[in-house]
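Quick notes on the structure that follows.
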Amino acid sequence: MADPRFFKVGGPFTLARLAEISGSLIGEGADPDAFFNSVAPLDEAGPEDVSFLDNKRYAEAFAKSRAGACVVEAEWASKAPNGMALLMSENPYLAFARVAQAFYPDERPEPGIATTAVIDPTARLGEDCWVDAGAVIGGNVEMGKRCRIGANAVIGDAVVLGDDCVVGSSASLSHCIVGCRVVIYPGARVGQDGFGFATDASGHTKVPQLGRVIIHDDVEIGANTTIDRGAGPDTVIGAGCMIDNLVQIGHNVQLGKGCVIVAQVGISGSTRIGDNVMIGGQGGISGHVDIGKGAQIAAKSGVRSNIPAGTQYGGIPAVPIRDWHRQVVTLAGLSKRKGK
Amino acid sequence: MADPRFFKVGGPFTLARLAEISGSLIGEGADPDAFFNSVAPLDEAGPEDVSFLDNKRYAEAFAKSRAGACVVEAEWASKAPNGMALLMSENPYLAFARVAQAFYPDERPEPGIATTAVIDPTARLGEDCWVDAGAVIGGNVEMGKRCRIGANAVIGDAVVLGDDCVVGSSASLSHCIVGCRVVIYPGARVGQDGFGFATDASGHTKVPQLGRVIIHDDVEIGANTTIDRGAGPDTVIGAGCMIDNLVQIGHNVQLGKGCVIVAQVGISGSTRIGDNVMIGGQGGISGHVDIGKGAQIAAKSGVRSNIPAGTQYGGIPAVPIRDWHRQVVTLAGLSKRKGK
Amino acid sequence: MADPRFFKVGGPFTLARLAEISGSLIGEGADPDAFFNSVAPLDEAGPEDVSFLDNKRYAEAFAKSRAGACVVEAEWASKAPNGMALLMSENPYLAFARVAQAFYPDERPEPGIATTAVIDPTARLGEDCWVDAGAVIGGNVEMGKRCRIGANAVIGDAVVLGDDCVVGSSASLSHCIVGCRVVIYPGARVGQDGFGFATDASGHTKVPQLGRVIIHDDVEIGANTTIDRGAGPDTVIGAGCMIDNLVQIGHNVQLGKGCVIVAQVGISGSTRIGDNVMIGGQGGISGHVDIGKGAQIAAKSGVRSNIPAGTQYGGIPAVPIRDWHRQVVTLAGLSKRKGK
């Protein structure tokens, strides 16, 4: 059970309803009319909780779990403890996500504007927005319906937000056009000047950064992540991208749809990233390169040149993942031999 | 002497008192009744200052220093310049810390609540708290005694803080239970949603993040560091951990006691880290792994699998530190030969 | 044309005036009296726009561009599309910077103090400063003329800012002395305690951090970057340094003039960096080392020891760049052979 100080639980739901919500099949012998009250991890769940198994590392916790019900792939059914009701799914993590969303729907504060929020009179806010204390909303901002702006967040002049956006505490946005259902986490910085300057013997001369940041629908931008606006072209984040914390995205970068960018990744200026690319944590991508659709880049890799669609790369500099693994094994072998 | 605009100096103290405070022995020939006024680095200190030597890189600065007194290990006594009083300690850096704390005790502002702070009427603050301008404290927050909340910091609903906590400017906390004497630096983000979603052909579905962040006593969390709350289990930071700036700690991570996590480290979700583990700057740890007690991980390493207690690892992927050093030497040797 | 919601365009300018502003030569056949209205990237520019070519990756875009004028090196003149006016320069990016600055001069809000800004009565602000909503300015702050302090920024007690400084939204400064024309981006953290503590069996003891951050003129500090104050000596950022987003600079670090520090770099405590050093993205530098003037360090490198002036280094651990390239080639070769 999630801590009730922080989370308000819905339900209860019957097993049958949870199967329906999650698109799962009920395992043999389970009572479809049994009620469940919450979700919990395998090792904390009790008889009234629904849990899930999605990673074989946790097989032992599954076998020992006291969870009343569990979302699993069918192949695990035989390993379930006695009396555990099963919800069988080909994608148990997704099925569990839907179960958890049913118990804990997104909490929305009552619409309203805090008295200490500062909203420029030329800003236009849609219906049912919520603006928390100390938030600052600039001139000519356009905000859709049901947006939620956290405490001390700053929305710069002329920024556009679609419907149902969430901006976290102390985040700041400028020079950007944001779609619907975008979630920007606390402390994220979107739209500031890119790192553009020309250098000669007298020093560095700033190049005006005249583009914007365009964020399409259903994007999440993690805490303290920074996304610079374009220098002339725009910086573009495609629909459905999930961007983790402390990521740096340089000016003019284009991300396709549905990309997954793990924490502390850095993407240098003018690089183009295709749809559904995944970049592991602390990966770095040079400027002006193309990463093809669906490519996957291992954590901590350093990418200096184009990567074809659908491939997997790793290492510094990044090479096809098998080559990288072979390099790792080769070097380990050679150094051992020499060490003798 | 520290800049008096920023630091208020206490003292003066006699050498005898400083020896007592720091648990040091007074070197031969020094006057225990001599007074000292401040602390300073070796190359800036004058006759009224106390300095320290803790790193042999600075042996030359020590030999030339005009410091009136210096905290050192006994073996350095013979290299001291004429007339320098010595405070001899087996742990000179610790002894110096105590001397410096005596001259410059932690400055506490007068308790009080700034008129522009926004405190929900249901929040409960202990005695003698200080809340600076623009700070926002949510509903049902419980705060211990003598806490100091910086300007524009945001404490979310129902957060619990123990006694003597410090929250820096513009930091934000939510969904967390914090112990006593915890210091959270400016811009740190604690308690936001972890990076959890399930993916299928239609895109990414958010998995509700239903855990908390539990921070035990005497922890420091650096500037702009991000600590996500648990997905179901809690994210846990053990007592006495020192976490530097721009660190990322994913959901469900557990840190033991006294860990030292240097700047820009990333720890992926569900990883468990034992007591007194040290991770060098920019290190990365994969998700779901175990790092044993007292392990030390070199800067910039990439850890993909479990690491035994008490060992030292380095490299990408991380291997025992000697193996890594051997790999470095082997590759350098082979590439030189081939280069000829 | 930059989005007029965000950018106010100046001009128009004749080609002759733009040549003068940018120190360029007008290409053969172009009309010096033709007017231009804005700047734009090669692939978006129309007949009234000025563009630039600075990277041969974009040669094709240049050849196809509809830009009315383009800043280029003379050697590209023959590849220009028919009718494109050329502004020829040895440093086309710098020349373009000046053209773009002419069209889009730095926008300054009308001076004034927002009613919700909180300014300590002992703070002294120069003429024509602008302080946005929710900014907090502490006791004894000294601020020069024409400074601009963004919404919800926090300037700690006794901080000194020279003339024409810009502090972005939600940034926080403490314990620092800042020169003129310094730009601090949103969310940057300057002047908090460094990561200094002494350890023994009982745990970690904080060493008071008694230095400052000294920032010389014409420095830029990127979004969410963190710069700790000195432990005893100062942390120093030399004039004209360009520091990107999410960079970590530890206590006592000294940067010379004109350094370029790309995103997510980390520089550990007490390291000294000479003038005009460049460090690529995600590079890491150990503590207590010296990096000589003009050295260049490749992205993602890990530097553990001193680097001579004027050299290029790369790799983990960093070696002279040619050695690193040779290592990369050697390992690729050996692992292929073994893979067969």
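Chains here go by letter, A, B and C, matching the order in which they are written, and residues are numbered from 1 within each.
We take it that a residue touches a chain if its C-beta (ideal position, glycine included) is under 8 Å from a C-beta of that chain, and two chains touch if they have at least 3 such contacts.
This is a predicted model, so every value here is computed, not measured.
Asks: Going only through chains that touch each other, what is the minimum step count from chain A to chain C?
Replies: 1
Asks: Please decide if copies chain A and chain B contact each other with the same set of residue positions, more than half shared, or with different positions, and reply same or different.
Replies: different
Asks: With chain centres taken as the means of their Cα atoms, state the distance from chain A to chain B in Å.
Replies: 28
Asks: Hey, what residues on chain A touch two or more of the other chains?
Replies: Where chain A meets two or more other chains at a single residue, that happens at 116, 134, 152, 170, 187, 224, 246, 264, 282, 316, 331, 334.
Asks: For a test of understanding, state which residues of chain B touch chain C in their complex under the given definition.
Replies: 2-3, 5-7, 39-41, 43-44, 55, 57, 91, 93-94, 96-98, 100-101, 103-104, 114, 116, 132-134, 150-152, 168-170, 185-187, 218, 220, 222-224, 240, 242, 244-246, 258, 260, 262-264, 281-282, 299-300, 316, 328, 331-332, 334-336, 338-339
Asks: Across the complex, what residues on chain A touch chain C?
Replies: For this pair, the touching residues of chain A are 116, 118, 134, 136, 140, 152, 154, 156-158, 170-172, 174-175, 187, 189, 192-193, 195, 197-200, 203-208, 210-212, 224, 226, 228, 231-233, 246, 248, 250, 264, 266, 268, 282, 284, 286, 288, 302, 316-317, 319, 323, 326-327, 329-331, 333-334.
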